[in-house]
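Each of the next two complexes has chain A plus one more chain, namely chain B in the first and chain C in the second.
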Partner chain A sequence: MEYIKKQVEEFDIGKRHLANMMGEDPENFTQEDIDRSIEYLFPSGLFEKKARPLMKHPDQVFPKQRAIQWGEDRRPFHFLFYTGKQSYYTLMHVSTAGSRKSPSSFQNASSPLLPPRVISYSDRHSLSASRWLKKEELEELLVENISIQDYNRFIQLMESLLSMPYCTIEEEFVLRYRQNLEAQSRKQAMPVLERDERGVAFSTADGRRKTSDSTVTLRDCGSGRITINGRDYLQYFPVLQDREQLMFPLQFMGMLGRFDLECTVSGGGRSSQAGALRLAISRGLLSFLSDGEMENMRQAGLLTPDPRVRERKKPGQKKARKKFTWKKR
Partner chain B sequence: MRSRLTFRGTLASMAARALMKGLLGLRPSRAVMVGYSVGGHHYSTAASIKPPPPQIDDSNVTDKILSLPLEKPDFFRVSELVSLKELFDARVHLGHKKGCRHRLMEPYLYGCRLDHDIIDLDQTVEHLQLALNFTAHIAYRGGIILFVSRNRQFCHLVENTAKDCGEYAHTRYWQGGLLTNGNIQYGPGVRLPDLIVFLSTLNSVFQQHVGIRDAAKMNIPSIGVVDSNCNPSLLTYPVPGNDDTPVAMELYCRLFKMTIKRAKDKRKQMELLQGLCSTGPDRL
Partner chain C sequence: MALHRLSFRLRQTVTHVRSLHTSGCGQQQEATAVESEPEPFSVFRAQENDPACQSEKLIGQYYTLPPAHIKTVFPHGLPPRYQQQIKTFNEACMMVRSPALEVISYLKKTDFSKPAVRYIFYGMKGSGKTMSLCHAVHFCYTQGWLVLHIPDAHLWVKNCKELLPSSYNTSRFDQPLQATEWLRNFRITNEPLLSKIKTKQRYIWTKREFTEEGAALGELVDQGIARVKSSSDVVGAVIKELRLQSGQPESDFRMAVAVDGVNALWGRSTIKKEDKSSVDPEELTLVYNLRKLMKNDWRGFDSMDPFIPVSVPNYSEKEFESCYLYYMDRQWLQHPQSRTEEGKKEIIFLSNKNPSMMDRICAFL
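On to the complex of A and B.
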């Protein structure tokens, strides 16, 4: 512990020296400023970022270690010390159903006349927007090494806790071991909604599939006309499947007759052009929708670009995957 | 019987060990007590290796504290805690079926009724008294007591008991080298338990717990509640009794907790008394 304290003091003094050297204020010298100055003073051409000169707070540099677990009379501090994994087993001990607060105390606190309300796991909003901590994150939290079986037992125990009635009492405890999921829809890039000279709202979007590129302009006119490369969609896509691909985003949102589509598409074949157009239409539609509907579209898979491309043929094989006839001798 | 005699011999060595530990370890606690300052005694810095030579008053007093309980056979009055009726009510006499019986448990059994083995409670009372007396002495000398039980039904209860007494528990998967490879498992210079109490000698697959064999290897005395399907040979203080009923387990936990608390309170009392006695004449 003393060693780390010394390191922290040295780091603080070094930070002030660095600030003086760079001619900046020693009091408000942040970590970003430190990184910037180190990069300026010690330029390094190494590719591995971790191999470059580093100046960080000792708590971030030195891995978290356990202090000595026993006192002067050599008796260990923690009652589960002899198990080896004391923090993991304390966690298990504390989360067993017997040690949590009993529902009777909860009932008395609220009001004894009301009938008991059993809130199930699936109702809880806060639990649906989060996931369990991963094994590495749990290890970091407990400063201990856990095996995969231990981690699975822990998750099992937590799930069983939540499956019991009155799980709302333990919710606070359980939330500590959950990490929030970021709503994926926030990361979506939305096209800009522009206005025509006539006052009609329109938006432009791009889409790609295999080797086809497409651009679509959706106009909020009120008719259901679709023009692709100057021709009517019925002419351009004689096959029903391709026309269905075009219609799907609008049909999903229920806005079939509302928009006027002006599309251009090039490259690829019939099916890939249809796929590119579909993506472009769904992207263009985003600016006319609310957040909830955008989330629906995302979950339906309309906004995900299809990454599948043609795999190259390899030498020594007939095609990308097909091999020559295998002869035993 | 033989194993118990050899342990009397090691008890003396343990007493010596505890004495040394007492001299080095008890200082900080005693320094807190008013009026018991070991006059003019300076603590050296961490740089010096040798501890300061103990004063003559100190060793006499510690000797007295440690030897006083050994004069009477039942200094901690554990016989009051154990009664035959209480054991009977807690269904301690119920063993397993005749087919599960272990050959070496036959001397401890009273009989067999409709294929169910009945444990002789007179013998249980004697063995339990010996065991509790031994735990009380260990707790009095500040020894580390480890409660072990691999029965999942009572794991929570045992852990709570250990937490209340201020002692240690291990009711989880026993890794191979916990006792035999302690220095590498825990860290250099670890202190191993001075007594292991097995509240259930079998592990989850109905085999003898590894801890019994390890404790015998490391010369650590062990107390174990042996049911009619267990092997009592390697334990220093076997206690024949039921280890599957919740009532019986709660009884055992309560008994051990009470003895340990009693012994620790007695120790604190002794230290206070001796402290007052020794500073009495000095104050003049």
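On to the complex of A and C.
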């Protein structure tokens, strides 16, 4: 413990020194500033991010360890020490029958004529906007290793807690073991909606897929014309599949005949150009849509750039995955 | 993409040049809630089945080709996909479109004493040039003209199995197969007129066979069909006769020449001689004679000037609408989604109102 305290002091002093070196205010020097300065002072060409020079708070660097669990007489402090997973079993015990008042006692306390209110998930916003902690996160919280069966048991217990009546009382307790889902309204970078001289609203967006780059300008004129690199899209994409890719974002939103598209695309092959255009169209469409529709598009996968790139060929193999003929001898 | 051109040429000319009228591109207005009207389908069928009486009001409407006409006029002229469609729907319905109507109106007003005028249908791939050509040819047939219809000049220049050195002129090559086929079709189309026209010259085919002066053209054609080896020369003779005769004022018939894929006559050919050197189109008898018909000096496509180009665009809104309703009426669109408004918009998008693309898409719906 003293070691860690010493490390913390050293870290604070080092932080102030660093701030002075960079010429910034030592009082308001955040972790991001530290990272920036270290990257500037010690530029590293290593690919692995974890191998680069690091300066973080000792709590994040040193793994959490338990202090010695027994005293001078070598008797353990905790009554569940000999189970091996003391914090896990304490948690289980507390959730079932522990120090809190049981919900059934509440029911008896109030008038028995009242029907128990079973509160479902959909009623409560806090529960619908969060998820259970994962196994790794629970291990981190309890500072000890849990097996998969233990974890499943824990989740089962929590679920049964929630299904009981009057569970709003334990809501606060339960919320400790839930993690908020941030991604509900994750903000996408929306392109700007501009207006040109005639008053027509238009927006420009980019898209990329597997070495193809594309730029699309959507104009809200009211006809369904599409021009790609100056040519008609029927000429440019003779294959139906590519044109279907282009159609997908507009059809999904039901805005087929509304926009005029002016596109440029370069690089890649036929399919990747179509994919790049699709992404650019969906991004351009964002500025014409409401938030709910944007969420729909995101869940449909229209706004996600496809990360698949060509895999490199490896030495000792014919292609990326294909191996040479295997000879037994 | 290379533009394919069709040529449609007349012996007689038009007195005045009309400004070109392209039918509305149809992409200017949005399809503002054009619901499929509950009117009876007869709205989209024209009452007039005779091309001569069709007016501009009928643009976008379908008229039926009588089956008897199809067998005579178009033994080889219609595109294969359309022929399949005829067989499926059990009727031959063609849409009245403005390029064809325009050319027909020119034809009606031609002045037959002046030299011939040529019209060219041009447009993107699949926009309906062959169909417009067939429409105009049908009109000529109903007027009783002699129709010289070559279905696809590309077929003469590519993939030829047999090449014979010409008997008439040794530097040229013959194509007996295509020539006989064409003669056969020519005979089917123009049966009544063949007996009326007489030859002005004497033709000697071999030592023992010859055709006298004054024989009917029908005999000449039969000769060509019977004797396969000299069929290309027969074709040349027929063309020469027709060219000579129809120009004269005393002739009582009018002639129309329709060639599909006319740029094949000047482009490269894929035929090779035995020593693997490629054959120029000029060296093929059929092509040579055809070019004479076109009145050119072998300098290339410019020698087709002057001609009147007629552009054939994609479907306009109204035309697309009528085509869609026609398919619905024929129960061609089976997919439930395709019958909705959304489905229609999708089809518009995917085909960009190109007739052939729309046909292909609706084929598997």
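Criterion: the second predicted complex is superposed on the first by the 179 of 329 C-alpha atoms of A that agree within 3 Å, B and C clash if a C-alpha of one lies under 4 Å from a C-alpha of the other, contacts with A are read in each partner's own complex, and residues count from 1 in each chain.
Assume contacts are C-beta pairs under 8 Å (C-beta built on N, C-alpha and C of every residue); 3 or more make two chains touch, one makes a residue touch a chain.
Predicted model only: the values in this text are computed from it and were never measured.
Enquirer: In the superposed arrangement, which partner chain does A:82 touch: chain B (first), chain C (second), both, or neither?
Expert: first
Enquirer: Of the partners chain B and chain C, which touch A:74 in the superposed model: first, second, both, neither?
Expert: first
Enquirer: Can A:65 be said to touch chain B (first), chain C (second), both, or neither?
Expert: Neither: A:65 stays clear of chain B and chain C.
Enquirer: Name the contact category of A:30: first (chain B only), second (chain C only), both, or neither.
Expert: neither
Enquirer: Could you tell me if A:223 is touching chain B, chain C, both of them or neither one (first, second, both, neither)?
Expert: second
Enquirer: Name the contact category of A:96: first (chain B only), second (chain C only), both, or neither.
Expert: first
Enquirer: Please output the residues of chain B touching chain A within their complex, sorted ascending.
Expert: So the residues of chain B in touch with chain A come to 21, 24-26, 28, 142, 144, 146, 156, 159, 162-163, 166-170, 172, 175, 178, 185-187, 189-191, 193.
Enquirer: Any idea which chain C residues touch chain A in the complex?
Expert: Result: residues 1, 27-31, 124, 342, 345-346, 348-352, 354, 357, 361 of chain C touch chain A.
Enquirer: Per the contact definition, I'd like the list of chain A residues that touch chain B in the complex.
Expert: So the residues of chain A touching chain B come out as 68-70, 72-76, 79-84, 89, 92-93, 96, 98-99.
Enquirer: Would you pull the chain A residues touching chain C in the complex into a rising list?
Expert: Contacts found on chain A: 222-226, 232-235, 240, 243-244, 247, 250-251, 254, 256-258.
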